Amino acid sequence: MKFDEAYSGNVFILSNPDFEESDVVIYGMPMDWTVSFRPGSRFGPARIREVSLGLEEYSPYMDRHLEEVKYFDAGDIPLPFGNPQRSIDMIEEYIDGLLEKGKFPLGLGGEHLVTWPILKAFHKKYDDLVLIHIDAHTDLREQYEGELLSHSTPVRKACGLLGAENVYSFGIRSGMREEFQFAKDSGMHLYKFDVAEPLKKVLPDLAGRNVYVTIDIDVLDPAHAPGTGTAEAGGITSKELLDAIMMIADSDMKVVGADLVEVAPAYDPTEKTQIAASKFIREILLGWTNKK
Amino acid sequence: MKFDEAYSGNVFILSNPDFEESDVVIYGMPMDWTVSFRPGSRFGPARIREVSLGLEEYSPYMDRHLEEVKYFDAGDIPLPFGNPQRSIDMIEEYIDGLLEKGKFPLGLGGEHLVTWPILKAFHKKYDDLVLIHIDAHTDLREQYEGELLSHSTPVRKACGLLGAENVYSFGIRSGMREEFQFAKDSGMHLYKFDVAEPLKKVLPDLAGRNVYVTIDIDVLDPAHAPGTGTAEAGGITSKELLDAIMMIADSDMKVVGADLVEVAPAYDPTEKTQIAASKFIREILLGWTNKK
Amino acid sequence: MKFDEAYSGNVFILSNPDFEESDVVIYGMPMDWTVSFRPGSRFGPARIREVSLGLEEYSPYMDRHLEEVKYFDAGDIPLPFGNPQRSIDMIEEYIDGLLEKGKFPLGLGGEHLVTWPILKAFHKKYDDLVLIHIDAHTDLREQYEGELLSHSTPVRKACGLLGAENVYSFGIRSGMREEFQFAKDSGMHLYKFDVAEPLKKVLPDLAGRNVYVTIDIDVLDPAHAPGTGTAEAGGITSKELLDAIMMIADSDMKVVGADLVEVAPAYDPTEKTQIAASKFIREILLGWTNKK
Amino acid sequence: MKFDEAYSGNVFILSNPDFEESDVVIYGMPMDWTVSFRPGSRFGPARIREVSLGLEEYSPYMDRHLEEVKYFDAGDIPLPFGNPQRSIDMIEEYIDGLLEKGKFPLGLGGEHLVTWPILKAFHKKYDDLVLIHIDAHTDLREQYEGELLSHSTPVRKACGLLGAENVYSFGIRSGMREEFQFAKDSGMHLYKFDVAEPLKKVLPDLAGRNVYVTIDIDVLDPAHAPGTGTAEAGGITSKELLDAIMMIADSDMKVVGADLVEVAPAYDPTEKTQIAASKFIREILLGWTNKK
Amino acid sequence: MKFDEAYSGNVFILSNPDFEESDVVIYGMPMDWTVSFRPGSRFGPARIREVSLGLEEYSPYMDRHLEEVKYFDAGDIPLPFGNPQRSIDMIEEYIDGLLEKGKFPLGLGGEHLVTWPILKAFHKKYDDLVLIHIDAHTDLREQYEGELLSHSTPVRKACGLLGAENVYSFGIRSGMREEFQFAKDSGMHLYKFDVAEPLKKVLPDLAGRNVYVTIDIDVLDPAHAPGTGTAEAGGITSKELLDAIMMIADSDMKVVGADLVEVAPAYDPTEKTQIAASKFIREILLGWTNKK
Amino acid sequence: MKFDEAYSGNVFILSNPDFEESDVVIYGMPMDWTVSFRPGSRFGPARIREVSLGLEEYSPYMDRHLEEVKYFDAGDIPLPFGNPQRSIDMIEEYIDGLLEKGKFPLGLGGEHLVTWPILKAFHKKYDDLVLIHIDAHTDLREQYEGELLSHSTPVRKACGLLGAENVYSFGIRSGMREEFQFAKDSGMHLYKFDVAEPLKKVLPDLAGRNVYVTIDIDVLDPAHAPGTGTAEAGGITSKELLDAIMMIADSDMKVVGADLVEVAPAYDPTEKTQIAASKFIREILLGWTNKK
């Protein structure tokens, strides 16, 4: 029996203790300072890790095993409470560092605003980046209640940064009239309600492209993911999201980074939201980070 | 900054403060005195309003905005605790008043018995009224445990009042053998298990008719609506109910009133039941109350 | 009004008080001693009975009434806490007794290991027994953390006992690579992800066979059954499981016993898991135990 | 191993299966039809029984064992949903029967209105009855929202029936101004906030009297009993209520009947309310029903 | 029956609809942007109002009735999400307005930082203001994680503004070593663990002074108030806090304003935290706002 | 910003990463295999660590700071599920190791049976060991349901091992008649109901003795610690337990090891049980492990 080291910590199952030899870095962004309705996603990353202990290391979907991927779990970036500007600066700097070292960044939110600094960092490295955005909400606001930095604005900002024509949204079932109008006018690609079906059609067009994928857990119906800040009825099942993850794994795109955001455990006493999220992370590790 | 009036109250989002200029009246019926298994729907109306703050005012399903409809939220009728007879008398009188003033009554329950006095009031105004009943349960009992006034009896009473051939039930997956037998013998229209598919077939037959629609939230599977008194496995998704609401909006019937009942928040710590209900109310406001 | 006997007890709705004249015996196995992630299924049987009071006695799926079946609810076998070996010995002895008296054993778990002693007892009586196993997990481990007696091993043991070619698993979406490899190598029949569709294909092959059916509630998606120890995203709906139960009822197999396991109520404050389970038990009583 | 009888039912621990040879009858009154704020006490009796399995049969407070008392658990009287008048008639008739047979009635509520018919039955047998009422609320209203039959009125009715001077209330911390005024004017004995201390002073005066004791669980602080319909901050601890029960056990009064009401399990996911209630019932059985 | 106005809104029970004729203004500050451990107090004000419906309007503690006080419930100030600086500016401006109109401001938090702008506004009007601070935490940090605006700093700021010798803290059981050291060095008055006893000693010294009182609900033990962001074991009972409120009501100080903060409903499924808070507000209305 | 090491793990706040230079070792025993009523304490150690992040590092009770103590958090011993015998062998071996290396073992349970192997290890080193046992339950059974290894037996076993006269139990409020009789006959010291008061009297007698202290969280009232398997009404407050911890810190005994057991988080959605437990651990670290 060992004595001089701890038996376990709260890390994603089977993560590699060595940063240098890892290809992927899982990192948490425990931030929910701009969330309007029900905050709490700052605890998402820790709980997703915690329930990963209940996962099998093998995926019958992919027929792959987590041993085939080398990933390091970096814990949560220590973001300053209540300060969105400094938080997003820290995230951008962190991603800059990971990209410089050639790692695949796999982020756990936290609110959706965190994707904005991530994209800024990726944009410096990849000038033709495509964004795949899977979400219940458009997130296309210019501002929210007078704030430019809000969980409702990151995709709008992304359109400005990457070019609207490089932004693809799927599963959208909520937003302001102006946001849907912007989507039409700007030339971005917005698919309402469904994910798997429109994705299937779009993927061939994206062959060979460098793609960042951001998944807001609230694209799932509240039946499947009640633990989120802005649960919206009429969503997809976790089975459908697993299908979408498989499709991307099987596609000819080059996924260069990804995140899964808005898991807010306090609203789900059954823990099923984080249980699903942690399975999605396993599949992303297996299918996206070591694509041939 | 204002000082002499309150910043907000618990009303459905964007409701009009002026009764006279409103076309629709949202009203609550906080009653659950005859509920057998798990009471608590008396708190449904208040919680549906409360979570409406999390809704967008625009519907991407309808491409309409709540500003296009004028509705007044009248709060909850002050029904006397534990007194079914007086409660239903008050509801009937209330609906009489709304119909006299030419309003579209949009009711929030409360237990399903509340639909009975509503129908009595409508029947006085519309002698050819059709009832569309979307529910997990037949509600066709003559009495329940010896009580004539019960949440299990309103549709049976409706058959007597409106003529069984004018009553259409959808999504039914629970009831007594006698109730299903009655449905067959009486000539009413009862569709088991599904809602959208049989509704699609029936709607053309109802073109031009005056129709009242009552939705029991338990038609949804408990995965989607656990917050209800008699949750019954094997139900439809909230996506399917949204589809049904769209179909009715697109039909050639004349919807003259509607209610949504049996939301019992205490049984759903995730709040997803009222979150779904409040979205259905938005779609009903947009699609049913201002049909051309 | 009666005075000298109790008005009710916690038994499955409409169960017959007379053991001798009953054809079916419902019995509970309140055991979860080998469960790794989240224990608590020892309370499953009691809660399934408790919510059965909310069920109708008539099934619109089957068009049958519980009065048509004679079943005795034997309560829970008093298994010794924390002692898997003695517990499974007691279960085997209990089933031996029921089979000797010609009863149909309908078991409520408890963890899935309980199926192992049940199968041992059945195997003594039926030498050509087929096992239908509906579950999210393979349960094909040889051992778990060094333990031979584990909730992860019963189907592996069953393959040894009954012959792998007589074991059919459906709905499987989690397991070790070795388990899936064993399934392939051994000649057992393992169908991933879905239940109803592969079952439909297989059932004709099993016509005339004596079949035992074990259902792990976690085959349902956590949206439908969060109250279980190892909830796994991406599962089937309760509607689909009802369909599967109907198919078996309509098949030409001879169902000789069944169990429903792994309901752990503490993880589901909405009670929907036991509400669904209790409906499945009603349908099993109506469709499997009195097949012509 | 036995086969022909059930292993257990949901009865209070160690209750005697034989009505005739029992001295005490535990009975439930699953009624909450007149409860205004948060209903749900109809499930109180069943849950109190359920958690009694976690109790020891021996009391270190009393140094007595439940084997020393003979009590029969009659289950719940089947009260008609939503009908207060018929419900209280049935309760009165039931208590008439128990008193005729010389049993000690020990009731489990249910809402507090149930005490009214119980007192009517006792009054027929004991013309000098004293009522000890332990509660957070005065329950001295003449009517509630126009209803004469309400959970807010039983003690007022009791004053009329038994004579106000024979009514003693303890622990009261909520009521209308008129109720406190009535208490003063009528000559009844009302002690605010505390229970044990004023009880100690009063008990000697009641030596030799026939006394009925009714305990509303909400006399406990919500810290100790959140599972009740009208939780009121500032209450006593469960330790203090145990002390009060001991004092009554040690007094020279003759306790002829008792009830414990208003346990509403749905509001307490920790189950501590019913856990405390079931301990109080054990102590009452040991200390009050077999006083020398 | 009325039709043209709503039956109710979510306002504190019996509040006066007329701002001008009211002496007291209840207002909410739905802000928790700087909360580190468990956010959610932004929903505190709405839930305190909601459960006020379960309160009696009369207090047996004070022998007073809410009709004796004229108060207007202004709803929640619409604070901008995630922007502490703008939020506190708005609060200060709001209080400036109330004080100018001669109202007694009675605030509902929200996080404790809200007290800082309130004190700034009061300080402009009262140059000798005393602060009574009832809390589990010192809140004496100069900054928190680098942020000057934090829920951990308001009392430190108050010491600078009002003079440390005018600041009295009670019930403190958590803080950094530096904070306790500051309390000693600065000359402020800090009483550990208890509230009622040290308050009793201090109150005579404050006779005639203008006093603002801020209560952090977490001064209560988590047994009494689990619904708060930084629950800390070892606290006082709600009975003790009621005693403290009475003492202040009976004192010779002039209370000129008050707030109750940090009620975070999501962490308390039993609702007992807001139930207690709403009772404290009633007692404050009765005892502090209309002192002779 | 660092990249090559994780930002955090789930360890007790401020624990030292270096085993060798630490004086104290915190270790978890995630075992609940013999728990009868409500299992789940296997998750206690992880949750106690998790909420330790909400604690201050400084104690105003002790006027000490966690920096003054060197402790290593070893994580949870990987005990084999469902195997009590092997689990307790592993624990004994682990403690043997810690004692050999001169560490102070501070254990987190897990069920109370874990204290038995710990005591066996300590007994080998200290032949005059005294046991202080703070608990709601006697834990003096010879066996439980036929099992010698049970969470109800460890103190009985301790009496055999250490001599009954060296065993002191406090706060006991539940047990079998035979257990209380054994306590009397054997000469052990059992104090009912209270902890602080009898402890104060006893401590001088134990001056200079080597003492092991085991605390079962259920000694607290369920108001303070609902998250435990066998919650028992009528317990002490967390304030009282903090007092007892201070008394032991101030005594002249030599505390050589300690544990805190039976925290079962699933039964406490408010998390107050683990919040209290984690504060107790801080006080034990500060007051017991570095006594002069």
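Just a few scattered comments:
Here the chain labels run A, B, C, D, E and F in written order, and each chain numbers its own residues starting at 1.
The working rule: a contact is a pair of C-beta atoms (placed from the backbone, for glycine too) under 8 Å apart; a residue touches a chain by one contact, two chains touch by 3 or more.
All values reported here derive from a predicted model rather than from experimental measurement.
Shared contacts of chain A and chain E, meaning chains that touch the two of them, come down to B, F.
Interface equivalence for E-F, evaluated over B-D, A-E or B-C, points to B-C, where over half of the contact pairs coincide by residue number. Averaged C-alpha coordinates give centres for chain B and chain E that are 41 Å from one another. Averaged C-alpha coordinates give centres for chain A and chain D that are 55 Å from one another. Shown for chain D are the residues that touch two or more other chains, namely 38, 221, 223-224, 267, 269-270. If the chains shown are joined wherever they touch, the resulting network has some other arrangement, not a path, ring, star or complete graph.
Contacting chain pairs (ordered by label): A-B, A-C, A-E, A-F, B-C, B-D, B-E, C-D, C-F, D-E, D-F, E-F. Those residues of chain A lying in contact with chain F across their complex are 1, 3-11, 19-20, 25, 46, 50, 72-78, 90, 93-94, 97-98, 101, 269. Against chain A, in their complex, chain E makes its touches with residues 32-36, 38-40, 42, 80-84, 144-147, 149-150, 266-267, 269.
Residue ranges of chain A in contact with chain B, taken from their complex: 37-38, 172-177, 180, 192-193, 221-224, 226-227, 230-235, 267-270. The residues of chain F lying in touch with chain E in their complex are 53-58, 60-61, 63, 65, 221, 223-224, 237-239, 242, 269-272, 275-276, 279-280.
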